[in-house]
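Quick notes on the structure that follows.
Letters A, B, C and D name the chains as they come in the text, with residue numbers starting at 1 for each one.
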Amino acid sequence: MTVALADLNRLDLADFTAALGATFELAPWVAATAHARRPFAAVTDLHAAMMAAVQSAPREAQLAFLRNHPDLAGKAARAGAVTAESRSEQASAGLDALSDEEFARFHRLNDAYRAKFGFPFVICVRRHGRDSILHQFERRLQHDAAAELAAALQEIFYITRLRLAAAVTGEGMPKIAGRLSTHVLDTHAGRPAAGVGIELYELAGGQAHRIVRTATNDDGRTDRPLIDGRPLPIGRYELRFALGDHFRSRGVHVDDPPFLDIVPLRFSIAEPEGHYHVPLLCTPWSYSTYRGS
Amino acid sequence: MTVALADLNRLDLADFTAALGATFELAPWVAATAHARRPFAAVTDLHAAMMAAVQSAPREAQLAFLRNHPDLAGKAARAGAVTAESRSEQASAGLDALSDEEFARFHRLNDAYRAKFGFPFVICVRRHGRDSILHQFERRLQHDAAAELAAALQEIFYITRLRLAAAVTGEGMPKIAGRLSTHVLDTHAGRPAAGVGIELYELAGGQAHRIVRTATNDDGRTDRPLIDGRPLPIGRYELRFALGDHFRSRGVHVDDPPFLDIVPLRFSIAEPEGHYHVPLLCTPWSYSTYRGS
Amino acid sequence: MTVALADLNRLDLADFTAALGATFELAPWVAATAHARRPFAAVTDLHAAMMAAVQSAPREAQLAFLRNHPDLAGKAARAGAVTAESRSEQASAGLDALSDEEFARFHRLNDAYRAKFGFPFVICVRRHGRDSILHQFERRLQHDAAAELAAALQEIFYITRLRLAAAVTGEGMPKIAGRLSTHVLDTHAGRPAAGVGIELYELAGGQAHRIVRTATNDDGRTDRPLIDGRPLPIGRYELRFALGDHFRSRGVHVDDPPFLDIVPLRFSIAEPEGHYHVPLLCTPWSYSTYRGS
Amino acid sequence: MTVALADLNRLDLADFTAALGATFELAPWVAATAHARRPFAAVTDLHAAMMAAVQSAPREAQLAFLRNHPDLAGKAARAGAVTAESRSEQASAGLDALSDEEFARFHRLNDAYRAKFGFPFVICVRRHGRDSILHQFERRLQHDAAAELAAALQEIFYITRLRLAAAVTGEGMPKIAGRLSTHVLDTHAGRPAAGVGIELYELAGGQAHRIVRTATNDDGRTDRPLIDGRPLPIGRYELRFALGDHFRSRGVHVDDPPFLDIVPLRFSIAEPEGHYHVPLLCTPWSYSTYRGS
């Protein structure tokens, strides 16, 4: 259910707040404050106005707002007592399906964080893989209060940017999506490698989770990007290319077993809204990769 | 306990046969036949003469000779009732430490093989990783009798070449050893990458077994080859390079997490006596590898 | 002055022949023969019909048609006594500006060719650089009569395909254009190299003729392809990239003089209608190129 | 005619000075001063003692010493009125065979330099190509007096190090030689490329001067380094590899003309005593190079 920016610009205070009230967790006052700044020429302007409302609020109001957020992978989430937005976001990183041990680890981190800062750990989970969330949790526990308040509000910026992009349409949409793509070039034949099997794995918790399985088309690319239309979760990944099958099917004589069979490219994503092009240039005896564009 | 070729050339039949009798499993007649061809200018000539004795023996003698070999990973090996040479060879591929399930699989293959060909499956286990032994077992079960007799005698050639190289010293030693080496070149800095952590894994049975852990020296190489002085077991391998640590220690600014951290190079070895040079050319954003020389 | 295929399909014989008469050099009968095959669904169908008229004509008519073509770089061209189409085509390969020595060489080749085959040497000059024309001339002089007649008609196919593509618009245009493009990726920085000076040279007659001078944009590409919209002349080329300036402007410390300064990539084009993507992956200490897609 | 360090250590002042007097141009007092510091454990120690004599001499003596040097490519050299050492060194960079125009340019630079600094321009010509000498000449003309005195004495260090290395044998010889090598790896075949024609050109004065012509051996290397046993002259170079012939002779199908035929690698040398390894990894459709080790 989305609303057009042009329509939003015409709404009165009550309707405007009703339309955007869920964007900032349990804080309809944010939308109400932004209402006075209408009309907005761009969705990014609307978002900036809402963030400005938070940034200029008294410190106590900011803390109260942060306190309204549920614990990450917390009991409330397990029990279903959180907003629909929070539930869906936590599920995206698999936080709704933790083992008891993992649940206990989050529980300890949540307790330590609340004890130190007085509000729950807030992070834009759609921008992180599970390992990255734990890494950020432990890193931010080292912050002093001022640095961590700034860090938490930066995460609020990311969370609400995504929520707003899902709720509003119109001019000046914020950039929220990254893109992961690949390309296989057979430099033995001097042309794109067609029909090469490709698997993409997310490496987390010491395991490899396959998230995409596809093959190259005649141009050596995949028909659609490996990931797009959403933030790329920060984390470690591995692409695996079935090169042995490719050269066998071309009738190229190779050793048994072939020097190169399944070729893994392992890399990390650090910019969720960036474009990662990770191509493979290959012969039966060599390969190269690089972050391309 | 080795004997010099020059001394061998002077031995009478009994001593000659005693010295070399263990080379061809329970077949002292092979050494006895070769005795008449003394003197040998090279150890490879001695080996050729012994193989010629086998090759020119009547088919029944060849089969009887093959039948003298123990089953691979068989009950006799478990019970210790095989020659010292066979025991040590089977241990080199981990065949002395199979799970019950693996033992049962070998048992079934042994039975099928014996039923089809009338002699046990013979393979030079020092030239193969465990996956390759199973692969060869299943592949050779498809042979007809003539092709398989030839295949078995070729393995006898490899086995006895290794035994002879261990037992005799002198001119014209056979080439029995391969070499696996690497080199890390930092093309961001334009010089060899020193101090890069490297691990070598053998990939077998769906698992990665670490067999070497080392680091590069100032020339970007390892102080000694990753493997040398022995046949390189046919199989799949993975080199892992700690590139993230390398660029961090050089003070190069990289993303968090770094685009490249642990870089795996996965390749297969098909020539146990070959030289495999598998270098890594790298920047924080790209890398290449190839079979070098 | 172009005509629409739809309009052509409605013309009577006289107008149709008038509209297309110049396509096949001094042979309006070709258009006249094709007129009977209207309507044409595609421009390629029209071209096929015209070529079929030539292919099915008696051998004497084919030879007479070929004899209507002017000598390449011949006296008639110098004197202006050739069709406008021929003059413009010959100029495209610089054949209108030969030195006296080159003119004499073409003269000798023309004489030898006519003496052997009885018609002038015909070649689609827009698909060849000057060296390639001479190479083809000498190669085709070795043909027997049948092979050379076929070769000459194949060139007629290429020449008239280009003329028709310039004269007619509509559905099913023939593919007549190739494309040459490049891309500079700075794998030291992990991003496209912007502002890199690029020169493209055609290598012919022992000299390098600069035909393009440009620079990369923010995506490391050139704003438009180095060559497009026309056949890529068969021949040798050299791209030169001002890498030294690039790394200097990025503030990267390099040697004096820098290991890499002007980087030349020398390659040949063999498919005039193909896409040649010739990228450069570079650091201050290394570079790669390949035929990409 | 060389002398052993051990013998030098035993010579009296007169003989020692006679033996080494020509090392420092027309300045036998340098050797005389160093005589008191005998015995020398290494040739580098002897050189350090001689340089220390120069460095600790009064400024007027240093200037007088520098004034004893002939102009680079000057009238005295043309007339033969310089020491044998100077004549041979200047010839090494082709300074004995300048055109009248080049001679005039050096003449102007010499005059401007003398007018500014009061002594002739001194440079270790064996460490520079002709372009580099002119580049240094123009660069050093911008120095102030103190910086240029230091620069001139640094060149004296290089000149006399070479002279001493040619005159004395023994322990602790100075490192005066660089090395330029290459290696061609055919990653289409997965092995070294044998028999590949290689030419090395020095690029200077807008021209390419061929200085080496060779071919790869079975290991893809040249039987001896392209340059070794002497300083590598600072300058620009181009290696050219006959790749087209290589793949043709292997029977690999390539286009006509082949995408890659003569492959040029253009690079600069900045460290005359360094090791430059400039390999080529290639297929018919791609290649890479890097500064290796």
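The rule is simple: a residue touches a chain if its C-beta (ideal position, glycine included) is under 8 Å from a C-beta of that chain, and two chains touch if they have at least 3 such contacts.
The model shown is predicted, which means the values in this text are computed figures rather than measured ones.
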{"item": "Components of the interchain contact network lacking chain B", "value": "one piece"}
{"item": "Most distant chain from chain C, judged by the mean position of its C-alpha atoms", "value": "B"}
{"item": "Shared interface numbering between chain C and chain A [over half = same, under half = different]", "value": "same"}
{"item": "From the options B-C, A-B or A-D, the pair that copies C-D, where over half of the contact pairs coincide", "value": "A-B"}
{"item": "For chain B placed onto chain C, the superposition rotation in degrees, Cα atoms, nearest 5", "value": "180"}
{"item": "Interchain centroid distance [CA atoms averaged], chain B/chain C, Å", "value": "57"}
{"item": "Computed distance of Cα centres, chain D from chain B, in Å", "value": "49"}
{"item": "Multi-chain contact residues (two or more partners), chain D", "value": "187, 190, 259, 281, 285-286, 288, 290-291"}
{"item": "Residue ranges of chain C in contact with chain A within the complex", "value": "185, 187, 190-192, 219-220, 281, 288, 290-293"}
{"item": "Complex contact set, residues of chain D against chain C", "value": "132, 234-236, 255-264, 266-268, 270-271, 285-291"}
{"item": "Residues of chain C defined as touching chain B within the complex", "value": "187-190, 259, 281, 283-286, 288"}
